[in-house]
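Down below is the structure, laid out as structure tokens.
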Amino acid sequence: MNLCLPAVFLPLLAAPAIGVFGTRAQGALANLALNVIVFGFTVGVFFEPGSGLIHADDLGMIFGALTSFVCMTTALSNLGFVWSGNEVLSLRRWRVYHAMCQVVLGSTLLGLYADNIGLLWVAVEGATIAATVGVSLSRTASALEAAWKYFILGGVGIALALFGTMLVYLAAQPALGPGLAAMSFTALGAHATKLDGSLLTLAFVFLLFGYGTKAALVPLHGWLPDAYAEGPIPLTTALSTLMLNVALIAILRFRHLMQANFAGGGGALQPGVFLLTLGLASLLLTAFSLSRRRDARRFFGFSSIEHSGIAVFAFGIGGPAAIFGGLLHMLVHTLIKSALFQALMRGAALRGSAAPGNYSFSHLRGMIHSNKYLGWLLGGCVFALTGLPPSGLFASEFIIISQTIQRDPYVSLPLGLGLVLCAVAIIRHVGPLVFGHAPPHTKHQKAGVGINLAGLQLALGFGIAFAMPWFLLNALSSVAAALQ
Amino acid sequence: MRLPARRLVCYGLVVGNSFALMFGLPGQGMHLRLDALSVLFLCILVPQIVASALAERRGSIAFWVFAGAMVLTLLAGDAFTLIFGFELMSAASWLLVLRGDARPATLYAGMAMFSAACLIPAVFLPASSLAFMLVLLGAGAKAGLAPLHFWLPRAHPAPPAGVSALMSGGMVKVSLYILIRYGFIEFGAAAQPWWGSVLIVAGAASVLIGALRAMLEVELKTMLACSTVEHVGLIAVGLGIALRAKAMGNLDLASLALQGALLCAVAHGLFKPMLFLGAGAVKKATGTTSLDWLGGLMRGMPRLGLLMLAGAAGMAALPLGPGFAPEFLLLHAVIKAAATGGILARIGFTALLAGLGLSAALALGAVVRLIGIGFLGRPRSLHAAAAGDANRATLAGMGFLAALCVPVALLPGVVLGMMEPVIQLLAPNSAPAPLSYAPLSLFLLLAAAAAAAFFGLRRFAVRGTREVPAWTCGFGSPPAWLPFGDPLTQPSATGFAEPVRRAIARGVLAPQGVDPAEAYLLFPLSQVSLRLTRVAEHIRRSTIRQRLAFVFVALVMFLLALGLSEGG
Amino acid sequence: MNLDYPLAHLMGGVILMCAFSMLSQRRLAAMITLYQVQALTLSAAAFWQGFAQGAGDLYLTGLITLVIKGILLPMGMRQIVQRFNMVRAVETAVPVGFSMILGVGLIGIAVLVVLPTTVSAVSLTREDLAISLSVVLLGLLVMTLRRNAIAQVIGFLSTENGLVLAATGMPGMPFVAELSVALLVLLAFLVIGVFLFRIREHFDTLDLVGIEEIERRGR
Amino acid sequence: MGMFLLRLVATLLHIGLVFALAPLLMGLVTKLRARLLGRRGPPVVQPYRNLRRLLHKTTLVPDTATDLYPIWPFVCFTATAGAAMLVPGFSLGLLTANVGDFITLIGLFALARGATMLAGMESGFGFGGAAAAREALFSVFAEAALLVILISFVLIAHSPTVDGVAAAFRNGQLGISVSLGFALAAMLAVALTETGRIPADNPAGHLELAMVHEAMLLEYSGRFLLLFEYAAMLRLMVWMCLIGTVFFPFGMARAGEILTWPGGLVLWAGKLGAMAVVLSLFEIGTAKMRVFRVPEFLGVAVLLGVLAGVFLFVAARIGG
């Protein structure tokens, strides 16, 4: 049987139920239970990839499992978030919140497993709407403003993506004939050279802008920092890691179509230039935006922009090695970033309240004085983002830079500049955040068991790049070779 | 199992008899390799690690990661392992610096990443001038080669003494190792004479600035760090001469300069950690390392004082000290190099020789200042008066290094003989001239003279001494609460440096005695980044409509480009 | 079969004209009316395309468009305008004349981009594509140039119209697109409605100035 | 073997003469100065008397001095004595010729200077420290000048040792006189500074504020002061030998051939006497400089050294 279907539709179908019934504790527990089950399914997908409209290729398998794993750990720390009771919401909103978590999970998985550009689009749209609702949940003025921003910019992105999708169909329709075949990734990939190249190029521009909005590439990034800062933090974790991945993978797939068409003489342009432009823009703007952030979640929002910029840059460089590097970068970044947000949530809870707006660096500094383990964990996560060893990002960035040098030496200059500047801006905060002077009346407290899971994720983020299991290595390499 | 990833990353170094590790770059692993050069630098590195561990920092994990990463860098058999170890070294030392003093930590991390950003491209480029310049930038920045040395006098004093010792004596050498490995071996075939010239110029600048600042600085550890800059410059000058001579086909001169540079690395790796450990002991005993608050420590801590004296003799390159033979070789290399090349080379090397003499004398002055102000004379504070001698562990660590100094000082010929394989590796089939400096016989001569004077005086002069109050130069008698006299009546470290400041520093340093690199490089760069940050803040503050406008304009731009590239 | 090209062309032209003249309008009511006309024309175009291609699902598309966009959405928005008493003119970011010039430039770009690209596709599609791309861009331009939330929403909806127009032009495109467009518009309207009420709770007007004030504070 | 014995004897003779005659030379210079100033001046053997008097004085140690106080005089004396043994006097080919070269000499001078400076800072009172600071300033330029001069020597003689240079110059190919002239001028300036003569320092001065070398020894007395005084005399001797050997190597004996010794000895004495006359003439002709003029004085020396190197290059090119 096809295990993708239950993995996708269980959360989607369960969402209304959660949204209607149950107390907030029950909602949180149901959320966790569903996540665990879905994680089981996504692991099963490795053995039952299925076929047809919704099936998992290697890429889908890996990132599907990653998605559900991150969602599971987030749901676990979500328990603490709920029980700490800092987030004062009415019961109705708690229900909506948990429902939205499920919708985000389901539509993200749909976006990963869908073998149809239309379905992919629907999935991204659903995730966007759910996230918008989630962000607006705490009805503060700034939250509403953030959600409004997110809706307007995200809606525009969705519109552009739909236009691009239709253009892809139009480009494929003469070759593959009308019908579903012209919208399936496998069919498109198989006949990439026969597509109408020039139309495909036009389509790629729109898709790049559409999904690039979701991936928060500069200049399409306007919604991201505020959405991160205002939404409930478990949802933010999902946004920062999962939706970015879906959008990036979509961009990667379409880029492959265009590249193959270009290589096959189908008349498409080389996609690299577009991707490199947006990637470098993200990297360099982030480098200078990071330095003045006072709110930790905005800060790490910008760092997410940086990292998706790096991934897109890697895709733009092209070639199996660079694609491999980009995918590895996404993988490790997802693990580290989710661990980081869970640690942040816990730290803010120790400092009083995990409500949005309590994440200013001045509020969190000197975490080691609140809890030694948590302080080191937080410091480790932030340090890992800089890409210095032993962080796994070092391996991916090493591969990307080396490939850049070999394929396109001149863009390696801005790349290196941006990487160094961002890393410096990030590493500046480790000292005060971990060892700085804690605010007055800080006393040593327990961090709770949930934090160990974040520690595990961080350890994975450190280890997986240097001691990669062979099956993962093979899968990633074959994906990279196939999508080059 | 066939690894598709085998295609991923090509080797940066030729992997000969290398030993592969399972983990590392995905599908690629790590490779370790040992050759004469790595062995030499391991021999430089290991004693320092032992001494620092002996003296302090036995328990610190970061310290051991730091040490291990340095060893890994020296053992690296491929580009990834090299950069990995190098960056891990930077990361661990960054943590140690951060725990010591948070202020320079970010600057330090920034420089470390900058050097990595230069090295990673360099190891993948084909052997070319660009690649070498990148290596020079990367390794030079980490080694504290002018003009990228400004971070070193700030960062090296920050961590505890054991780490400072290892950073100053070891980490710097590791970066120089990378410079040597790539300049002489990997890129050796494509070497141009002007590579060497660039290296010489940078080295000369470091020597001058380092020696001058060492003479002017008041903080003990900062002063030692500045002298590290000076010695790195000396080594760089030697390497530059060797590179230039090798490219010009003059292998004997190359091997002579290499002997000087490598011996200098060995000697500096011995006495500088010793001095840093001593500075740490002084800090522990008196609570400060500012020379203006010390004085008369020789009474309180005689054993430490003697060890510091030995290290200082090396630092000042005095004869019969460990630092003299390298200086000797380097000066001869410069003189020989002056005979090669055109009139510019002649003028340049003559000026270089003058600069070296200048900085040698400055180093002597700095050492006299260090010992005379810090350890001789009268205490300038109660802490200095009450200082007790350093603990056994520190003395043991310093003594270990001091014992290793003896062969370098008295038997440099033997040490050079042991270095021969390295020289042959770097400058193949070269025949260096024998060392025309016989420290052992010189030592015997001087010993004879000293013995003659000693016994002569015992025989003919009246024995014994009488202790009398020193002449106070006409100052009034000190108040009762200052048992050791008024500190203001004895020369201060600042005052001692004043003549040099007036006569030389004004010409060399920027106004207010700021390091020129800071004034003319660091400050403008920070201004630029500040301006760009302001721009970024403007973008970030834009309203929803403006953000929409960004998207819209970008889309129109892309479409326009598309239309023009296809239709037009 | 010689009639369908000019008809489709005509309807497309009307839709484009509506989108274009939205730029010139200062009053919300007028913009809503224009949007309604645009939507009605769009539904007509969908019906005609369905007839011309003999594709049944296009009839459904036309029906959805007619009911939701042609009738429900304008009614709702008129409600909002009444309730918030926003009959006065809303000021634009740039002078109207300038925005018209921009609009003309956008149409030019759309034609420039589309015409050479679709040499292989059928002429009908080419026309539709050029027109719908212009409509999309014009809608975005309206969103960019109007300071008022409702005006932005209208611009957004007109963008959607352009998408549907393109979708109807796609020969034999499966139903996914239309469904999702309808879905999007529904949800969009719901969410926007929610927003408007919430924003009303916090700011007395729908003008985004208040939000911009929040944003001014550096964070 | 006999050869070796001869060289050994010559070496011992040289060492003995240098150590024995150093005070005499100092006395001679003082006497000549006094005479040229129209005074009678102390007898030539006065330095010997001073040394003997110091032998019989008790040694006073300031209470603020550390345990290293007695070390510095020995270090200073030993280094200077080592230099005296390395510089050939009346004869070439001594056994000590290859122990070290110019750079070793510079190092030994630096060692002696360092010991003196530290001695000045022992008691921790003002004048010693001030004098040490000035000495440090002077030495900076002095060493630079010496090394620069060294270039032209080595490039001409193709040998870094004093012995080799002297041998090469004695067989003199004199196409390079210009640069040697520059080198001589520079070397004289350095020598004046190093030996603490006018214009850098006044050996006869008694104003602590103006003294450099003497002020560092204020706290020393008895046998320790004797060592310092004797080292000063030796330094004068060494410098004169150095200049004589390098620039006027004519008629120097060969250590291997005993018959050439007498001539060498006579000529050596003559050279020393002549240099003493020149030195005293110069000293009465000039006045002492301000402290901060001395660096300029030595800076000129450095430039002369550089010029020597450049002209040497030109000459070599013209010579073909």
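Read from first to last, the chains carry the letters A, B, C and D; within each, the first residue is number 1.
By our rule, a contact is a pair of C-beta atoms (placed from the backbone, for glycine too) under 8 Å apart; a residue touches a chain by one contact, two chains touch by 3 or more.
The shown structure was predicted, so the numbers you read here are calculated from the model rather than taken from an experiment.
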Two candidates, B-D and A-C; the one with more touching C-beta pairs is B-D
Chain whose Cα centroid lies nearest the overall Cα centroid | B
Chain whose Cα centroid lies at the greatest distance from that of subunit A = D
Averaging only over C-alpha atoms, locate the centres of subunit B and subunit D and give their separation in whole Å.
-> 35
Could you give the separation in Å between the centres of subunit A and subunit C, each centre being the mean of its C-alpha atoms?
-> 31
Chain-centre distance (mean CA atoms) for subunit B and subunit C, in whole Å, is 68
Taking each chain's centre as its mean C-alpha position, how far apart are subunit C and subunit D in Å?
-> 98
Can you list the subunit C residues in contact with two or more other chains?
-> 113, 116-117, 140, 143, 211, 215, 218
Where in subunit A do residues touch two or more other chains at once?
-> 148-149, 152, 156, 160, 198, 201-202, 292
Which pairs of chains touch, using the document's own definition | A-B, A-C, B-C, B-D
Give every residue of subunit A touching subunit C within the complex, in rising order.
-> 116, 118-119, 121-122, 125, 129, 132-133, 136, 139, 141-142, 144-145, 147-149, 151-152, 155-156, 158-160, 162-163, 165-167, 169-170, 173-174, 177-180, 183, 196, 198-199, 201-202, 229, 292-295, 298
Residue ranges of subunit B in contact with subunit A within the complex | 1, 3-5, 7-10, 22-27, 79-80, 83-84, 87-88, 90-91, 94, 98-99, 102, 105-106, 109-110, 112-114, 117-118, 120-121, 124-125, 529, 532-533, 535-537, 539-540, 542, 544, 547-548, 550-551, 553-555, 558-559, 562, 565-566
In the complex formed with subunit A, which residues of subunit C make contact?
-> 113-114, 116-121, 125, 129, 132-133, 136, 140, 143, 149, 152, 156, 159-160, 162-163, 166-167, 170-174, 176-177, 180-181, 183-184, 187-188, 191-192, 194-195, 198-199, 201-203, 210-211, 214-215, 218-219
So in the complex, which bits of subunit C are touching subunit B?
-> 93, 106, 109-110, 112-113, 115-117, 137, 140-141, 143-145, 147, 208, 211-212, 215-216, 218
Per the touch rule above, subunit A residues touching subunit B in the complex are 148-149, 152-153, 156-157, 160, 198, 201-202, 205, 208-209, 213, 219-220, 222-223, 225, 269, 274, 285, 288-289, 291-292, 320-321, 324, 328, 383, 386, 388-390, 394-395, 398-399, 401-402, 405-406, 409, 412, 416-417, 419-421, 423-424, 427-428, 430-432, 435, 465-468, 470, 473-474, 476-478, 480-481
